[in-house]
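Encoded as structure tokens, here's the structure I'll be asking about.
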Amino acid sequence: MSSGTVIIETIASDALRGNPLGDPFVRRVPVYLPPGYESGNARYPVVFVLTGFTGRGTMLLNDSAWDETLPQRTDRLIADGKVQPMILVMPDCFTRIGGSQYLNSSAVGQYEDHVVKELVAFVDKKYRTIADRDHRALVGKSSGGYGSVILAMRHPDVFGLMASHSGDMYFELCYKPDLIHALRALKKFGGLDKFWDEFPTVHPKDGDFNAMLNTIAMAACYSPNSTAPHGFDLPFDTETGELRGDVWQRWLEWDPVYLIDKHLDALRSLRLIYLDAGLRDEFNLQYGARIFAARLKARGIQYIHEEFDDGHMNIPYRYDVSLKAISDAMPK
Amino acid sequence: MSSGTVIIETIASDALRGNPLGDPFVRRVPVYLPPGYESGNARYPVVFVLTGFTGRGTMLLNDSAWDETLPQRTDRLIADGKVQPMILVMPDCFTRIGGSQYLNSSAVGQYEDHVVKELVAFVDKKYRTIADRDHRALVGKSSGGYGSVILAMRHPDVFGLMASHSGDMYFELCYKPDLIHALRALKKFGGLDKFWDEFPTVHPKDGDFNAMLNTIAMAACYSPNSTAPHGFDLPFDTETGELRGDVWQRWLEWDPVYLIDKHLDALRSLRLIYLDAGLRDEFNLQYGARIFAARLKARGIQYIHEEFDDGHMNIPYRYDVSLKAISDAMPK
Amino acid sequence: MSSGTVIIETIASDALRGNPLGDPFVRRVPVYLPPGYESGNARYPVVFVLTGFTGRGTMLLNDSAWDETLPQRTDRLIADGKVQPMILVMPDCFTRIGGSQYLNSSAVGQYEDHVVKELVAFVDKKYRTIADRDHRALVGKSSGGYGSVILAMRHPDVFGLMASHSGDMYFELCYKPDLIHALRALKKFGGLDKFWDEFPTVHPKDGDFNAMLNTIAMAACYSPNSTAPHGFDLPFDTETGELRGDVWQRWLEWDPVYLIDKHLDALRSLRLIYLDAGLRDEFNLQYGARIFAARLKARGIQYIHEEFDDGHMNIPYRYDVSLKAISDAMPK
Amino acid sequence: MSSGTVIIETIASDALRGNPLGDPFVRRVPVYLPPGYESGNARYPVVFVLTGFTGRGTMLLNDSAWDETLPQRTDRLIADGKVQPMILVMPDCFTRIGGSQYLNSSAVGQYEDHVVKELVAFVDKKYRTIADRDHRALVGKSSGGYGSVILAMRHPDVFGLMASHSGDMYFELCYKPDLIHALRALKKFGGLDKFWDEFPTVHPKDGDFNAMLNTIAMAACYSPNSTAPHGFDLPFDTETGELRGDVWQRWLEWDPVYLIDKHLDALRSLRLIYLDAGLRDEFNLQYGARIFAARLKARGIQYIHEEFDDGHMNIPYRYDVSLKAISDAMPK
């Protein structure tokens, strides 16, 4: 089986320079070039692969016990004729607090700009891409699925296809349980300020830690507030636990299930909307996908919606399905 | 130590006759008479003790490994001079689905009427009570704490004192997690209709079972709908998991934290508002109590609010505190 | 349906007088007399019903949400012709540390003597029993199942039938997990001495508490040592966690699966050996029952062995099966 | 900060050729060369870094959210003067069933030979090592800690230093809970044969899966039996759950705490014995380390033993301590 090539680009981002969390503006971004790229002159479609919370593109190259790396997987899919040769780009939108949701936020940084403006241009300039939206796709899992949905809705001129594995949607079910968990864990960590300062060295990084960090990161992405401590509002009162309705409403303005009507034309224009989730998803994302799909259906928008018998973690095998769907949906 | 007397009354309730769940309208209601009652002529205050979900008054007489029965506890408190001699009444508002929240509901029955109208009259007629609201209190735990709060707010002419241990409040935190749990468990049980028919013989009665039953029972109490299957609306779509906003709003109309302003005069008139909850309450009821207390405070209403280092279960020792608070707050 | 009568006897036990834990030697023991007893002259078989750890006989009269009391259950079984009229005796072998395993132990007290000598004699003297071993049975659940097995093996002259629901056996699987749990929890509780002194008022009484107490109680029953602190040896080093092989061996000398060959004649003589356990027993007791049954089978001893689809808790409905088996196995 | 170099060697192993599990005999083995290696002529000590169960050397290069890769970590430690420049070798002893415990087993393969004979010789031949046992160390975590202990005890002529992070020891506490878990999970997976055939594609790979696989793998390493199905004996009866004493005894012959007296001279000869474990280790390995340390102490053998406040997972920061201890203990 012939192998593609992985080049790890080092990209200095103007969008990320001076970001509020002090994260590096120079990022390492793996680019997968399919077998044949180097010896030929053909142009190729491009798929941006967005990692989940606490991930970044280089982790898609990690060795693991039971799974292929993403390049190995793609090599196999191409060799088997399941997927046409394509370029994969693996952005790094990791931050000190675990992620960015691929959005612009005054509390986190301009990650939407980084991906949509900088990386797209960089790749189209440097590599032999087919540089149009019909040959440019987004795919990702979890927060990366969220990023794929959001960026495709907001930038249909840039991206013509989108696939979300277990993507964050219907915040009522996917984030609320973590809010409650974080609320309960807050005291154990000595309060928000202490956690904020010390979390990188907190051990163990257990379920309490994850709920706290996830809640903080989502607040920084969805309810930034430059006048608030640490630059964001939490959606609950840390003492009484009362939901702050105004802050929660700001979160909901970023919930894909409520954004459909705002981006109807964009969604209609997509060549592919692919959604899936596991039937035992620990973050209840199967329900979000069902709600999103039901709303697309009610509006006459085409989509593919699958469910599979698994949870949220360790599901890279689902890329076999999404990459094929992307390949199939591109113009022949 | 001299002991009081427990008489188990058998009461045929007009309010419960023909109730929709087919539960018995004849109920066994323990009445505790303090030491000295039988040999004297004195009149006594009355405390209605409301049990939690899946409980009924007779269970307050149950023997257990580490705790006194309620009569044993009260004997001791009276003997120690902590509590003045008083009559305790232990209603049975249990139903096929585990409880009634002490409300009137077209799906469950007229349990509010049963307690407020029938039992109060029965006790005042049969026993030497001090038959005024200043000597008539409500106390309970969990759903019984809820009942105490609700009945005191709605019937200040009948009850002049109220104490809630870990009472259901702020449904956003105390019921939402169970909704999610029930949603996930629904498929395992073969759907609502099957569960409804078979749950009494379902084994094991585990966490999934409890979440399902609790959700169903609360729906029957808070969002009854005589035109819906089984007589109530669930607050979520059983397929997509989407929260049904209109149904949830009907639940919130029964949430004590939102009922304060509707019953301000009643609350101001109470001789005692006592609230507590454990710092590790599995149903997050410490937050509900804090929110309730904060709102009382903001309105200048007196209350006692305590927190203790324990969870939701096995906390009858808290009655030592509430019964004393009730005793102290009654007119001398 | 006619109802039997429950008399709660108050028995001053010579065997328990001066017991090392300071527990009361006067015990309340419910005796169930079947319908017809009081109006007739018939003599009846007797079943001793042994409760599990942290239980005592009076708890079999407790009201509960989904189950009958034991007298209600027996009334129904007799009315339905499933079970012949019989007397039930419900001993109290509860101790400060939760139980006694129905054994004589220098660290706990003479509970075996109390049941086998005192209670049998008391009941035969006071009530119209058929006072022979063919009409005298033992039944119990969990530690009560253990007690039934052990007392029947050791006193075949007294008891001719035995039934064990989820009885403690094969300590390797039923106690070892609790040992590990207790070992880990020990530090949280401040060590054995502190726990020993304070456990009655420790809150919450959670899984850590239960594992600790269970381990301590079993050690007091199986490896008493009058020269050791608190009168018993723990089977592990509390610092390194190393299993103390000699102490563990003393436990195993009380494990029913290893006692079969010592009591072969007794086992062969029993009119009934009934064993069951749930397929999801949280204490792995289904395996113990299988091992016990396999060994009986290998030795040509008759028994009934059932498994059912449930866990360890809330399984009083299994008494329907065992009481019928006992009734059927008695001489006609 | 200057960076070392990582070379990923591809090694065809004679020891692994024709291994019984059909695993590849060609392995990729990362070798870390310290800053200065390529420009100079110095010789360096060598540390073999052994990964845990389901790991292999290349995973030490994986990118992760909160941690450095092992080469990044070593670069930093060298730059800070904490650790002298050294070569790191990262073997791949992964197998179809997750690992090999770095042993020779008829059921798994000759992994001990692969490391001790082949890799040591390969590295000494190809790189400028200080090729003596005083400059050759083993370090690893979990099963890699086990491998370090075992190989150092068995090959003191080859390795003069050893460090174990949370290494498998005292099987009574570290494997027994998994045995019980596996026993219970076996039915869910349809039995051993089915699991053996299908486990690579079983989803989800949850706690049941991990307990099953771990039990199978340890049995293949510790109790291989060429006449048994799949080449090994399980230490329990899969139907009754009874421990197979003879098989368990074979496991114990590989338990480090019981091997000390067999390898006393070897242990005495080591320049470094370093042990640690987290106080909340999910596999109870803190107890194993304490027992091992206590036995060393009783025999007058020097060692370093540390405990830290964390669990079993995500603890690569402990390499800061062990690599420094190794560096310090080598001859100056």
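A, B, C and D are the chain letters, set down in written order, and residue numbers restart from 1 in every chain.
In the analysis below, a residue touches a chain if its C-beta (ideal position, glycine included) is under 8 Å from a C-beta of that chain, and two chains touch if they have at least 3 such contacts.
Every value quoted in this text rests on a predicted model; they were computed, and no experiment measured them.
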{"item": "Where chain B and chain C overlap in contact partners, by chain label", "value": "none"}
{"item": "Smallest number of contact steps required from chain A to reach chain C", "value": "2"}
{"item": "Equivalent of B-C within the choices A-B, C-D or A-D, defined by over half of its residue contact pairs recurring", "value": "A-D"}
{"item": "Separation of mean Cα positions, chain D and chain A [Å, integer]", "value": "35"}
{"item": "Whole-Å separation of chain centres (CA-atom averages), chain A against chain B", "value": "46"}
{"item": "Approximate Å spacing (C-alpha centroids) for the pair chain B, chain D", "value": "57"}
{"item": "Where chain B touches two or more other chains at once, by residue number", "value": "none"}
{"item": "All pairs of touching chains, each written as two labels joined by a dash", "value": "A-B, A-D, B-C, C-D"}
{"item": "Contact set on chain B toward chain C in their complex", "value": "54-56, 58-59, 61-66, 94, 98, 200, 203-206, 278, 280, 309-311, 313-315"}
{"item": "Contact footprint of chain A on chain B as seen in their complex", "value": "170, 172-173, 176-177, 180, 183-184, 239-243, 284, 287, 290-291, 294"}
